[in-house]
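Two complexes come next, and they have one chain in common, chain A, joined by chain B in the first and chain C in the second.
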Partner chain A sequence: MRVTHYWRALWGIVGRELWRFVTQRERFVSALVRPLVWLFVFAAGFRAALGLAISPPYETYILYEVYITPGLCGMIQLFNGMQSSLSMVYDREMGSMRILLVSPLPRWFLLLSKLLAGVGVSVLQVYVFLAIAWADDIQAPWQGYLWAMPALLLSGLMLGALGLLLSSFIKQLENFAGVMNFVIFPMFFLSTALYPLWKLKESSILLHQIAQYNPFSQAVELIRFALYGQLNLHALIYTSAAFAVFMAAAIFGYNPSKGMMSRKGGA
Partner chain B sequence: MKATIALAVDQLSFAYGAKKALDRLSFQIYAGECTILLGPNGAGKTTLFSLITRLYDSHDGHIALCGFDLQQQTCKALATVGIVFQQTTLDMDMSVMDNLYYHAALHGIGRKQAGQRIEQELQRLNMWERRQEKVRQLNGGHKRRVEIARALLHQPSLLLLDEPTVGLDVPSRQAIVDYVHQLARETGLAVLWASHLIDEIYPGDHLLVLHKGQIKANGTVNEVLTLTGTASIREASQQLTQGEAT
Partner chain C sequence: METMPTNNPTIATCIAKWRLTSSIGLKQSLSIALGSLLLLGMGCADAETVFVTLEKDNALAVLDPLAGKLLTTVPVGRRPRGIAISPDNKVLYVATSDDNTIKMLDASTFKELGRLPSGDDPETFALNPKGDLLYVSNEDDSLVTVIDIAKKQVVKQIKVGVEPEGITVSPDNQWLVSASETTNMVHWIDTKTHTISDNTLVDPRPRAAQFTPDSQQLWVTSEMAGTLMILDVKTKQIIKSLTFEAAGVTADKMQPVGIAIDKDRRYGYVALGPANRVAVVNAQTFVVEKMLLVGSRVWNLAFSPDQKRLYTTNGVSNDVSIIDLDSQTVTHSVGVGTYPWGVAVKP
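Up next, the complex of A and B:
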């Protein structure tokens, strides 16, 4: 199998996803509205109620809007990962997933390409969101926007791989509502996206521990530190490990002889 | 001398849990031959296609495509197959051209070469004029033509058609049946066509009659008629599948 074959297939899959994203304006708008509502409505309302002590990577007191911005970047990627997962279940029901899976390329590569396509879209969304926040004076150092790129890629890969894994378990589109209730909401609210860990610890040790081990928390912290030009090594290792585990499980799930596909009766 | 073997299935079995769907199937498909896989609904045709394209996997038995073992040399084996699924698998919101370019990319065909092949296939199927239209705007027959063009784009040795004419009107069906037979005759393409419609069979076709996961007959039209002692394929099929064929 030639390298050019892989390259062309990758671009074919990524190009298709980007084309879909660009042509489906409502998807683009709705992906942005959610975090913007959190930023401009929720954060504004809670600014007075939630006092934040100085904690890394911040070197001074910050507004609540500044604190939740990295969390909302993570939120965009979390929802995008689940949206990709939803579209894979849809594609499987509609049959177009079959064309991808019967291509003469290793299945892990096809899934990784699909994942990269989704990550590309989510990173675009995050930067548009950050640009709007910047225009409203919620700004990080300019270098931070560059450092955030690899962090966003890794967090996007991890959350996308989770979505991919979930899509291998879900047979029907109707079952997807459960993902919202049992995956997205707990992951988001039991994380450091909206409040720092020490704040959670004040309320509940158990919630603090859950949030600490939640891979989404680590992804958010990775983005948060990167936006301020710093590397959170623990978050980097944790997010990378979570990505490796989710991706391996997703590849296993889509393996026709071993995973869920064999038990469910195909793609 | 017998032609090249495009598909060899050996002692293939598959089950959905405890329910056996295919039971020790063995057969071969040759280049230039149009083989009709005949059987009523639920006979196991779609399961067989899913196994041949490795959407499902079975550890009972072997499948080889153009000499490539599907388990061991999956990518090489799949590169030799073009498939039209029973259900439309085109992206409805993309144009005909974009759907075909996407498929070409998945098969590693460069943009320029893909463009030439797309034009060739669409011209042959009288769809070139509609290349910029969104698939959603096409009727059922035209969608099927696009799917056939897509299946042929990477110049496969074996074409799998899983009841591609279901839901089409008679002229559209006839056009597709004629075109595929012509392809097999002129290009040496091996065709495995799953159907439960008797009138899609040409006198020179090879027949595989599948019923409840087992092969009930395997031979030319004349051989099957002789085997069953009947005068028509309809009667032969009814006899072999106990009156369940249409």
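Up next, the complex of A and C:
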């Protein structure tokens, strides 16, 4: 196997995903509509909800929409990760997965390529969302938009890897509703995307602890700090570790002889 | 007496200034290292010191606004409210309301230099441009007391409307203006004769008054009507009245108080009390261009000497917000103590 083989496979997978992305405009628009509704409708209703406490990385008072913007970036990536997971199941049902997995290249590389393709799309969506927020005067320091890039790549990888892992469990497309109910909603609502940890602590210690250990919270905090030019080392380590665990489990899950595939009787 | 802040800009302060005005680095260490390098080449302007009266703590908070840090808190007397600094920046005047006096403090050592006979319960006062006369609103007695600072003596007491509060002197030293909260009037007092020459009826409960630096306009805020009125000094008439709106803030919370107008009369800034906002008003078109979110019950405002920053006292959230005026964004809010009221800046 030469590097060119790897490159050709990577480009094949990423190119296919990008082609899908370009041709499915509705998908792109609908992925943006969701966070924008949260930003302009939900946040508008909760403007004064945060009360008065300044928590890092913020150094002064902020409006609620400023607070939830990094959370909504995370939301875009969370849904994108799940969307990728959905398309994996679809590919499996349609048979294109079989073509992919019979490639002589290592399985981990194929899965990672698939993952990168999804992350690329999600980062693009996040930047479009941030641009719309910027136009509405929800602005971070310009350097923050540069620092956000590596943070978004890592959080996208982590959430994408989670999607991959889940897709190895899901047998049929119909089961995706379960993913929504049992993964996306709890992950999103039990996180720091919509409310800071100190606010959660006021209502429930248990919820506070769950949110603290929720990898999605850590991904959101990583993005939040990066947007303000700061590095949240704890969030970086936590998100990286979560990515490593999810990715390893996904690679295992897609192993025909050991993982979930064998139990389901192949792709 | 606690340790005194230094008058000279330290490297740390300069770095802090560089960080505030340029960017926030990813790592502090990196930014400090880079900041030091830059400073070698570009030098650093003098750092200013911000003084804030703490009504409930009976103290004066001393802030390094560029580092965004509270340097020290100095006991100053009971219920300090109004504060001003002499034109030569050497003497601080602090109205200690429950001591019924205005204290003169050394602006570097905070040693008491003397007391002025302000009358009972002094709250707001104004210095004339030369800095030799001080005018105090005596709310309970409906008086304005004129004090000769050098002699520490009352020169005159001028009978004004009920509950005088806002007080200011025009930069050309022609007019002293006193606003009466209950009479709803602005009194124009001739500074040569110390007699009222004109009165203008304004919206209910006028709180603060401020001349534009060219002395051609007087801006007055009405707490109850929620308005900012612009008066023409020549005609003494209101030429414009504007209200404030912010999404998510009810109209009853829009209670304009402190005013600051920049030297070029490009922008005026109005503290909106419980609305927790500072309004950015275009001083040419009188359009409210922006609302800046600051701490709770923002009361008084002061510019940095170069007018690149604006400092606000936030009475309920117990902090001072720092507004960068180039970008018109609030960069920091620094905790100072209980009930911050007045603010003065020393270059």
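Worth a mention:
Note that the second predicted complex is superposed on the first by the 264 of 267 C-alpha atoms of A that agree within 3 Å, B and C clash if a C-alpha of one lies under 4 Å from a C-alpha of the other, contacts with A are read in each partner's own complex, and residues count from 1 in each chain.
Please note the rule applied: a contact is a pair of C-beta atoms (placed from the backbone, for glycine too) under 8 Å apart; a residue touches a chain by one contact, two chains touch by 3 or more.
Nothing here was measured: the structure is a model prediction, and the numbers come from that model.
Of the two partner chains placed around the shared chain by superposition, chain C is the only one that A:44 touches, whereas chain B remains out of contact.
Of the two partner chains placed by the overlay, only chain C lies in contact with A:229; chain B stays clear of it. By the touch criterion defined above, A:62 reaches chain C but does not reach chain B.
By the document's definition of touching, of the two partners only chain B reaches A:98; chain C does not. In the overlay built on the shared chain, the residue A:9 is in contact with chain B alone; chain C does not reach it. When both complexes are overlaid on chain A, the residue A:203 reaches neither chain B nor chain C.
When both complexes are overlaid on chain A, the residue A:30 reaches neither chain B nor chain C.
Shared-chain residue A:141: touches chain C; no touch with chain B.
Among chain B and chain C, the chain that touches a larger number of residues in chain A is B.
In the superposition on chain A, no residue of chain A contacts both chain B and chain C. Considering their complex, residues 16, 50, 53-57, 59, 74-79, 81, 83, 85, 87-91, 93-94, 98, 101-110 of chain B touch chain A. On chain C, the positions that touch chain A within their shared complex are 23-27, 68, 247-248, 276, 293-296, 317, 321-322, 330-333. Chain A meets chain B in the complex at residues 1-2, 4-6, 8-9, 11-13, 15-16, 19-20, 23, 94-96, 98-106, 255-257, 261-262, 265-267. Within the complex, the chain A residues that touch chain C are 44, 47-48, 52, 54, 59-63, 141, 143, 147, 228-231.
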